[in-house]
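What follows is a set of structures to go through.
Same chain, two partners: chain A is paired with chain B first, then with chain C.
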Partner chain A sequence: MARMKFLCDAERCIACNGCTTACKNEHEVPWGVNRRRVVTVNDGVQGAEKSISVACMHCSDAPCIAVCPVDCMYHTEQGVVLHDKDLCIGCGYCFYACPFGAPQFPQQGAFGLRGKMDKCTFCAGGPEPDGSQAEFEKYGRNRLAEGKLPLCAEMCSTKALLAGDGDVIANIFRERVTVRGKGSEVWGWVTAYGKPGQGQPATQGGTK
Partner chain B sequence: MSIARFMATAALAGIVALGLAGCGEPPQVVVYKQGKYQGKPDQRPWENAPLTYGHAKWTQGNEQSWTDEVNTRTQAQNEYVRIVHP
Partner chain C sequence: MSKLGEVASWIGLLAALALAGPAWAQDVPTNQQLIEQQQQRRVEQPGNNAPVWREVRSGRSGSTLVPGNEMGVLILSSGQTWRAARVPLAFWGGLLIAAAIAALALFYLIRGMITVKEPPGGRLIRRFSAADRYAHWLLAMTWVVLAVTGLVISFGRDLLLPVIGYTLFSWLAILSKNVHNFAGPILIVAVPWMFVKYVRDNGIGVEDLKWFVHIFGYFRGREYPSARFNAGEKLVFWLLLVVFTTILVVTGLILNFSNFGQTRSTMQTANLIHMTTAYLAMAIAAVHIYLGTIGMAGAYRAMKEGYVTEAWAEHHHKRWYDDVKAGKSRQKFAASGEGTASASGATRTQTS
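Up next is the complex of A and B:
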């Protein structure tokens, strides 16, 4: 069974923010909410600057689901973490629990009223009829129901951001690392995608 | 037994019954069930028919054909199968 995942290759990301823009446009995300954003570390340091595109990582053991007091979040059969906005009370526990800062809260009105949680849906909509207006207004477009993948990854100009079944994109990344001979150290190769003897950087002797 | 005493006893019994009824404690917290949640059920992507104008094609209701279609599309992100090396 497919388990949908994102993978961002920090060796390729050029911080163009195309993924952020595509996401906002595709789902008509309101002001103040960024389902996806690009984070740059060592900004301006020559040779050490790296960027990575971050959104909900659709964790297999998601802490947001564990802490939600109204139990409004769920895993789809593809491993996508979604939630029901009709149940969400906007408490913000999921934001505190998430290590990636994925849950977002629209703030409108004079007192910065915190609305219902909004986050990356892996372009899989939510618990409304697929492709319906209600689904689009609450969760954005449902591309998985159209046999497509998240737009942020599909339009990434350098293909730094990969989306799809975890095994398939890990194989794409593995081949990439094998060809260029570096880049696995960013992720911790064995921990995340290890296959003995495959994809190890040639200079590191295969023990990472 | 006088009527007044009977009425007082009946009233007291009624008050006790009502008071005990307030001792009921129905659960007011979320009941977690593995693999379930409190919200609405979601539709699965392969239950939809493919778009008539789209490139993606799968057999409606067939999970495997939808998965194969998505996995094939995922390979469009892999340059090494799109570009022929000289």
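Up next is the complex of A and C:
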């Protein structure tokens, strides 16, 4: 069985936010909730700016699953982390535990009272029957059940965001790295051994 | 490297430390350093973005078009600390509460209810005014509701869920969460009211220390004379009410009203403090509730109706009793017939 994963290629992401918009539209996500977002590191700094699209990473040792007080989250056979909104109490513990800020809470009622948690489902819906109306209303479309991959990655204009079987997307990424063809610099030999002509082995003794 | 070079590098390092401040600051490169490293990488090792990933890992915020709190943070590590810390906290906290209840049950089996021999014809003393009691019961009822709902949220997944199943437990947990969130803010009123009503007789002195030294006498029927409140009650007042419950209110409000832009780190810390304090407070409250109900004859009636018997007062609060007798206390003997109707179970004729 495939293990579903996301991968965002920081060399390709142009921060167009197409993934964010595609996700929001496909799943009719509630107001104020964004299941996916694009973050730009060092925005506007020449030579150091990188953008990365982030959502639920569907962790194997998922902190949200570990801390949920009603145990409403689970892994599917494909490694996708899903949750049951009927059980969710809206306590916010998954939001405290998650390193990626994936769990979101629509504000229901006064004083910022948290509603049922909402997050990226890897386009795999929820515990309801696949493709049912109830499933769509709570979790959005179940594209995986239709044999399709997450829309954010499908829509990505530069194919920076990859989603699917971990082995397959790892191969795609590996191919890209080799084609970019910078040689040993990519995996950091320069860091370890210095630039050509630099850092040659000491002729005698060496430092202790 | 030569010996001289080694010494020079040590001196250089020490000088750098002295100039740059604390040593721990050296481990974390600044944003500017990472940017410069990344720009360098672009020339020397294009495709190797380690400095950017280091920046991501540091939890610093980038920029994003998605509105919301901390949306620019890609990876926040403190959630892992929070997750890891909760496990031993809940384990030992739960064990502490269970141990406190078990110890009280054992004590009840061995010692039974602490009673006072009542001579016939004893008078009643009005120990608590109506306002005293209302303040206490507003706080007590809210507190117990919060404790029970908090325990459901804290330990339900391990203890209740396997027994009653997902659907029923989720229903109970939703109820608990909402009751907890709406009952909590009542304490904003209840705690200061309780404080104002009771602080007067809760001053701490040397006599209180002596009371604790003679604590074993308390359980053997030879109590060290105390004023209106003994040192144990004062401990409950200062520790349980003033310190613990205030901490619980403050951290609870931080967690409850998440719409004021507080960060996840703030809420993680608040949650850990909230948990720790709640477990300690519940263990102390268990002793307080025990002594106020099945542990000691006359104590529950004192808070329910306001009256204690003369013998009870003399036995448990000798110095206070002497003051009442001498007319120096604000609490007075009940008028003839006052309070006795309710004591005998008949319709109450007197309200205080």
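In the analysis below, the second predicted complex is superposed on the first by the 178 of 208 C-alpha atoms of A that agree within 3 Å, B and C clash if a C-alpha of one lies under 4 Å from a C-alpha of the other, contacts with A are read in each partner's own complex, and residues count from 1 in each chain.
The rule is short, and it goes like this: a contact is a pair of C-beta atoms (placed from the backbone, for glycine too) under 8 Å apart; a residue touches a chain by one contact, two chains touch by 3 or more.
Owing to the predicted nature of the structure, the values given are computational and were not obtained by experimental measurement.
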Checklist entry - Between chain B and chain C, which makes contact with more of the residues in chain A? => result C
Checklist entry - Regarding the shared-chain residue A:Phe136, is it in contact with chain B (first), chain C (second), both, or neither? => result neither
Next on the checklist: According to the stated criteria, A:Leu87 is in contact with first (chain B), second (chain C), both, or neither; which is it?
Outcome noted: both
Next on the checklist: Quick check for you: in the superposed arrangement, does A:Val45 touch first (chain B), second (chain C), both or neither?
Outcome noted: second
Next on the checklist: Touch test for A:Gly101: chain B only (first), chain C only (second), both, or neither?
Outcome noted: second
Item to check | Contacts of A:Thr20 with chain B and chain C, given as first, second, both or neither | outcome: second
Checklist entry - After superposition on the shared chain, which partner residues are touched by A:Gly147: those of chain B (first), chain C (second), both, or neither? => result first
Checklist entry - Counting only touches as set out at the top, which of chain B and chain C does A:Val70 meet: first, second, both, neither? => result both
Checklist entry - Touch check for A:Glu175: first (chain B), second (chain C), both, or neither? => result first
Next on the checklist: One more residue to check, A:Gly164. First (chain B), second (chain C), both or neither?
Outcome noted: first
Checklist entry - If you lay the two complexes on top of each other, which residues of chain A touch chain B in one and chain C in the other? => result 69-72, 86-87
Next on the checklist: Which stretch or stretches of chain B touch chain A in the complex?
Outcome noted: 30, 32, 36-45, 47-48, 50-51, 54, 56-58, 66-67, 69-71, 73-80
Checklist entry - Which residues of chain A touch chain C in the complex? => result 10-11, 17, 20, 32, 34, 37-43, 45-48, 50, 52, 54, 63, 66-72, 86-92, 95-101, 105, 107, 111-114, 177, 180, 182, 185-188, 190-191, 195, 207
Checklist outcome for this item: As the complex stands, chain C meets chain A at residues 1, 34-35, 38-39, 42, 44-52, 55-56, 62-66, 68, 70-77, 79-80, 82-83, 86, 153-154, 156-157, 161, 166-167, 169-170, 173-174, 176-177, 181, 255-260, 264, 267-268, 271
Item to check | Of chain A, residues touching chain B in the complex | outcome: 1-2, 65, 69-74, 76-78, 82-84, 86-87, 124, 126-131, 142, 144-149, 153-154, 156, 159, 162-165, 168-169, 172, 175-176, 179
